[in-house]
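Sharing a structure below in structure tokens format, with a few things to ask.
All chains are identified by letter, namely A, B, C and D, in their written order; residue positions are counted from 1 within each chain.
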Amino acid sequence: MLREVARLVWGPSLVVAADLIVKGYNEVGDGFAAGVVVVLATALTYVALGASGAERALPFLRHAPKLAVGGLLLALVAGFFPLLLGEPPFSHRPGPGAHVATVGSLELFTPVLFDVGVFLLVVGVLTVMLHHLADPDSEAGTPLDEPHDAGERA
Amino acid sequence: MILAFALAVAVLFGSGAYLLLQRDLLRVVGGIALISQAAAVTLIAASLTRGQAPIAPDPSRPVSDPVPQALVLTALVIGLATLALLLALVHRVVVVFRTTRREALTAEETERAHALEPEQQRDRDEAT
Amino acid sequence: MDEHRLLGEPADQSRAEDQGRSEDQGRSALPVDRPGWAACAIVAVGFALCLWAYRRGGGSVSWPWAPTLDLRLSFSLDGLGALYALLATGIGVLVFAYGTQYLSLHLAHENRPARERWRFWPWMALFAGAMVGVATAQDLVLLFVFFDLTAVCSYFLIGFDRSETLTRRAALMALLVTVVSAVALLIAAVLLYVRYGTFEIPQLIDRAQSGTTTTVAGALLAVAALAKSAQIPLHFWLPKAMAAPTPVSAYLHSAAMVAAGVLVLGRVHPLLARSDAVLTGLQVVGLASIVVGGLLALGQDVLKQVLAYSTISQYGYVVVLYGIGGTTAAGAAAFYVLAHGVAKSALFMTAGAVTMATGEDRLSRLGGLAPRRPLLAISAGLAAANLAGLPLTVGFFKDELFFEAMHGAGPWMTGLAVVAAGLTLGYIGRFWILLFLGRCRTEPRPTPALLTAPVVVLGVISVVLGLVPGPFSRLAEDAGTVTAAAPVTVLPGYHATASAPNLMALGAWTLGALVLLLPGALGRVSTLVARAGDRLGPLRLYTRTLRGLFGISGALHDREVRNLRTSVAAVLVPAGVLTGWAFVVTPTVGALSVGTVRGIDWLVLPLLGLVTVATVVAAVSRARLGMVLALSVVGFALSGIYALVGAPDIALVSVLVETTITLVFLAALAGLPRDAPPTGRFLPGPEAAPHRQGRQVLAGGIAGLAAFTGVWGFLSAPTRAESIATEFIRLTPGAHGRDVVTVIITDFRGLDTLAEITVLLIAGVGVATLLRKGKLW
Amino acid sequence: MTSLSVALLVPWVAGAVLVPLDGRRRWVAWLAVAALAGTLAALVVLTVRVVASGPQQLVTGGWPAGIGIVLRADALGVTFALVSVVVLIAATANEAILGPRARTFPALLVLLAAGLTGLFLTGDVFNFYVFFEIAMTASYALTAYGGEARQLRAALVFAGVNLLGSFIFLMSVAGLYHVTGALAMADVADRMSAVGANAGLLIAVGFFVAFSVKLGLFPFHYWLPTVYAGSRPAVAAVLSGAVANIGGYGLLRFGAGVFSDQLRLASTALVVLGATSIIYGGVLAASRGDTAEMLAYSAIGQVGYVLVALGVGGAVGLAAAVLYSVVNALNKALLFLAAGLRGRLLAGAFVLGALSVAGVPPALGYIGKLELFRTAVVAGSAALVVLLLAGSALSLVYMFQTYQRNFWRDDGSGKTSSPVANRLVVAALALLVLAVGLWPEPLLALSQHAVEALSGRQG
């Protein structure tokens, strides 16, 4: 039963997240909140199915690291691209006051890109943490590193 | 309210400090968590105005100061991050210090100290 | 203690076998010391250049070095500079040539590889350069740099036989005494700079008025110089420094490094002369050094020790002369340094040659070498005569000028001068007689000619200049002119008249003869002085100080407990104290306000109460689960507060964060071992006794109180200026948004958010590093 | 303006890219070195601009300053950024040659660099905090590098204490906003004059505690020996040569730049604390058998000088503080790295470091001592002069005692010597210390500009 809920919950959480991002500028919520929502859904899956089970149920989770790094890079781009245009970072296009095309309540302009970056990173990182903290001891038995004498302090 | 917030912060911080001084490392982490809450409360308490939520505010009524809110958002995330890291660290410490047997460990410490003692003695004799 | 080890020479028991070995080594088997000869060549070139430049009238250069601090690279080869530069390089050539042989033998004796030369000659060469620098530098900081450079070189040269404990001790001692005292020079420089706005010595001499600053600065300069010249009471490092190989002693500790001290005195003398106190001090120290050094020299058995104490005593002469001041003394001092340098390095090299030949370094084990080493005996004799100031040697003139100056300084000085010269004749005569006359106790074995030649050269110089002192006196005149800041004439010569100097000389010789004829009496005095010195001398003080330091250090270190708990407490308690201090020292009347409670606050207050209660529960609950749950209660209650005070964004995020944290905590709880909680036991430090709980409550209380004071303090003082918040609210619509907070974190202060998520990423990486060796998945 | 953004962006992007790569591969580590070198290049360009044409400033989003975040590169910031990055390069290269033992080591170091450059180049109080957290979080993870018991213990102590410090800092930032209503340092500094004495001083104390913890000043120093002696040499070098700079910079930036009145009020207290730190650190450093521990206590003593100079204040004092922070950072990095290796060349490197610590020419240190003595003399305090003298005497004792133990008593023979490349890295650092000592003008000029920048901030 809990398993079902877990599976069922994961999809809708994405919708909620999307909504949070889209409305972000006008209502409560932002990329971070959206990310956490998704992760909580994942966490629920973990609780329900256990780490291995959850990762079997949601195989795409293993891309979390790429997601995290990609998110940061996206955010960096969204923040610093104006340098190429000779403007200070975080100048957004369309600029203040200028007209912004909207799809529904989603305004199509660079801060949204930034927010998406945040969202991706949060999902990625928190999933990674979840993955590690879920069964932390799986590799902890072995020492952290290979033996390595050169340069060892006497 | 000033006094109330100050008191709350004091309790949060004091208890956090107390937990930091415990020997159970999980309590230490709890202490950090409490102290981070103390910081968040301080930020909110540092709002210069309180009133309606700063979402398309009605200029006629007072608005809650948005700046501390933004700062708290950032602070909360950072708190979460550091807390997770600290937990992982604590876990690692516990595992390692449990797998390496206690006496072996203390032995290592004392052995280090013993190894240093003659060195220091030689230093003293040598310099004088 | 065993002086053999101190000298780094082979002890006598090992003598037999290395007799045979060094026989052939002494002859031919020695590898040619290329680095040594290279260094020798460099110094020779340096000598030639100095001489050439000096003959062309010296000259000076000055380049900017660090304009921000008005530092200049200014050198000038004036008389004084020329004198010391020529002395350093000239003696250098001979000592280096000597060293090429000596070092090879020395290394061979100790079965050390020949490549160890590379730890010797570079320092010797660098030292020679530094000496020229000291001699010619005109900028006080520049002078300080070279001054310390010589000390560093001497440290490594003294420590050449670093396998010997005593050697290492001696090196450290020399370094500590000379370098720490050299800081006085730096302080003096800064004092004068702050007062007169320049580091340039000539300008300082122009500008400096007599007054406290000048006196203090002068005293400091004197301290640095005296320590360098091994004057009482900072003399004790020099005898120990005899642990260095003989070439080092013959160079650094006779003619060069110790000379750097008096050189500085001569360089800044016009400043010193602004204060009688300093001059008097110089006289006292100088006389003390003469007498004590002389007496101790009389009692020494080890060759190099005799010479070391003699050096202390001899530079005492120069210091006294500078203390007297005036043109005569200035000229005399300069002349004295030259003559002494020649004599003393010759004697050191004699000692080295003898030790190399016999493996012995004690007068008591040596003697009767004259018939076996006639050339060495004669040359050493001439050098000794030079030192003792006997006629037909240049030393006679140094004493003549000395007597003249002392005579001018009054009857007391006259008397002391005679005693001093008598002592000198006494101990150096004893040295030569015991070494070369009497019955031969140890057969010398053949040694390379180069161990004798330099002594011969110096001996010849002593005599030639004893007949025609012109070159020295001209140098001395120029140097004295710089020192006295007035034209100086030095006219040495033989006058068969009953002039004061001649009478004093006669007195000194008779006294010296007496000392030689009845050694017993003064020998006893000497041992008494030595024993007194050991009892309560500065060396004792030095040792005591260091031992005390180490004692305290150890004790303090044992008291420190460096575990997590102490570290945290060491932050909390001082922080609390500081906060208390801040609270007390500033006016609080009317600065603090309770604030008003209105509207929504009535809902906030109970929630705050809940927070407080839950916090306390979290703190005191013994069960981990209890703590975790209490923590989440705290979190959610706070979320409620955020919602109430018009911060929906935070409310949302904090709910989400709290949920996550609770999950994470629970996960950790599941992961962590159920058994005895991991404790400070694993972190360095003793087991916590029960009474510590009390301390922790106390520390927590202090921390809470401090937080309360601080937070209440600034919450009571909201700004009167307009907050940037209004601007944010005004500009938000322009940024295409309605939610001010969201717009702030994504647009206005987007950089913060970018950094914040970076922190998150780093934390994730950290977790992976700790739990998975950095495997991210 | 561009160079400022670039200096910020290079390590940031590079760090992000490095995260997924396996840092145990040497080329990854060298990539990190390259990234840091790029950062250094950008910083050098920036420094030239700053010296030539005054502080470089930009506001994010082109908003008015204070609404957007102010990024401001002045001489003080770039000086600290430069020295920190140099240290990071040395440490990273050192590990790159040995072959890093953890996948994430290079990425963490580069991200640390990003945090440091950020906090040295930001002109906004809260933005400072955020970058500060980047740097600290990275260093928590780095301290555990090596992963043996000692390192983990070190990491735990380090994280525990410094997290406390960070939150104290955050609370003080909150206070600062409450009493000034601004976050841009310039505005805050302007508005501080209107703040009540009580509130102002309390907030200042908060900042002081936070930064003193980073520095490991006397009463707050307990964590430091455990951490420096416990972590691996490269990490110890980074912590003492780069991360600790946060403390010195913070004290200067906030103390002299924002809380100038409070600084004057507290000057005596600062001098006393600094003096205690000097003596205490010096005494405990003497006769420590373990080189790393000796260096740790030496660090405690050395930062005392910075605090004393800051307490005395004035143009000379501040300049001395800046100068000495730089000197100390280089010394400690050099010495920790040298102490971690074995073989030829190292004796020379260690000696240069030792001379520098003891303030003996020709190594850089004596310039610092000179400036400190100037400070003391200008302040007209004989006591300070004596203190400094005692301090240098102590440092001479413990440095050369250790030198003789490590390089004379057992001259490394028999021990396997480290790769020559490592020793060359250390030697290069040593040569830097020597070179700056022989030609101190650039450093002196920079510290001069830094002080002007600070006093410009003040009013």
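To be clear about the criterion, contacts are C-beta pairs under 8 Å (C-beta built on N, C-alpha and C of every residue); 3 or more make two chains touch, one makes a residue touch a chain.
Treat the numbers as computed from the prediction; the structure is a model and nothing was measured.
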item: Pair joined by more contacting C-beta pairs (A-C or B-D); value: A-C
item: Computed distance of Cα centres, chain C from chain A, in Å; value: 58
item: Where chain A and chain B are represented by their mean Cα positions, the distance between them in whole Å; value: 25
item: Chain centre separation in whole Å, for chain C relative to chain B (CA means); value: 43
item: Residues within chain D bordering two or more other chains; value: 12, 16, 19-20, 60-61, 68-69, 102, 126, 130, 133, 137, 140-141, 144, 147-148, 153, 156, 160, 164, 171, 175, 178, 181, 183, 287-288, 397, 401, 404, 409
item: Junction residues of chain A, two or more chains touched; value: 26-28, 30, 32, 65, 68-69, 72, 76, 89-90, 92, 129, 132-133, 136-137, 140, 144-145
item: Chain B, residues touching no fewer than two other chains; value: 9, 17, 20, 25, 28, 38, 42, 45-46, 48, 55-56, 67, 73-74, 77-78, 81-82, 84-85, 87-93, 96-97, 105, 120, 123-124, 126-127
item: Touch-based graph of the chains, sorted into line, ring, star, complete or other; value: complete
item: In the complex, chain A residues that touch chain B; value: 26-28, 30, 32, 129, 132-133, 136-137, 140-141
item: Footprint of chain B on chain D - complex, ascending; value: 126, 130, 133, 137, 140-141, 144, 147-149, 152-153, 155-156, 159-160, 163-164, 166-167, 170-171, 173-175, 177-178, 181, 183, 287-290, 397, 401, 404-405, 409
item: Residues of chain B defined as touching chain C within the complex; value: 1-30, 33-34, 37-38, 40-42, 44-57, 63-67, 69-70, 72-74, 76-85, 87-94, 97-98, 102, 105, 109, 120, 123-128
item: Chain B-facing residues of chain C, complex; value: 165, 168-169, 172, 542-543, 546-547, 550, 554, 564-565, 568-569, 572, 593-597, 600-601, 604-605, 608, 611-612, 615-616, 618-619, 624, 627-628, 631, 634-635, 638, 641-642, 645-650, 653-654, 657, 660-661, 664-665, 668-669, 671-673, 677-682, 684, 688, 696-697, 699-701, 703-705, 707-708, 711-712, 714-716, 718-719, 723-725, 728-729, 738-741, 744-745, 749, 752-753, 756-757, 759-760, 762-764, 766-767, 770-771
item: Contact set on chain B toward chain A in their complex; value: 55-56, 73, 77, 84, 87-88, 91-92, 95-96, 99
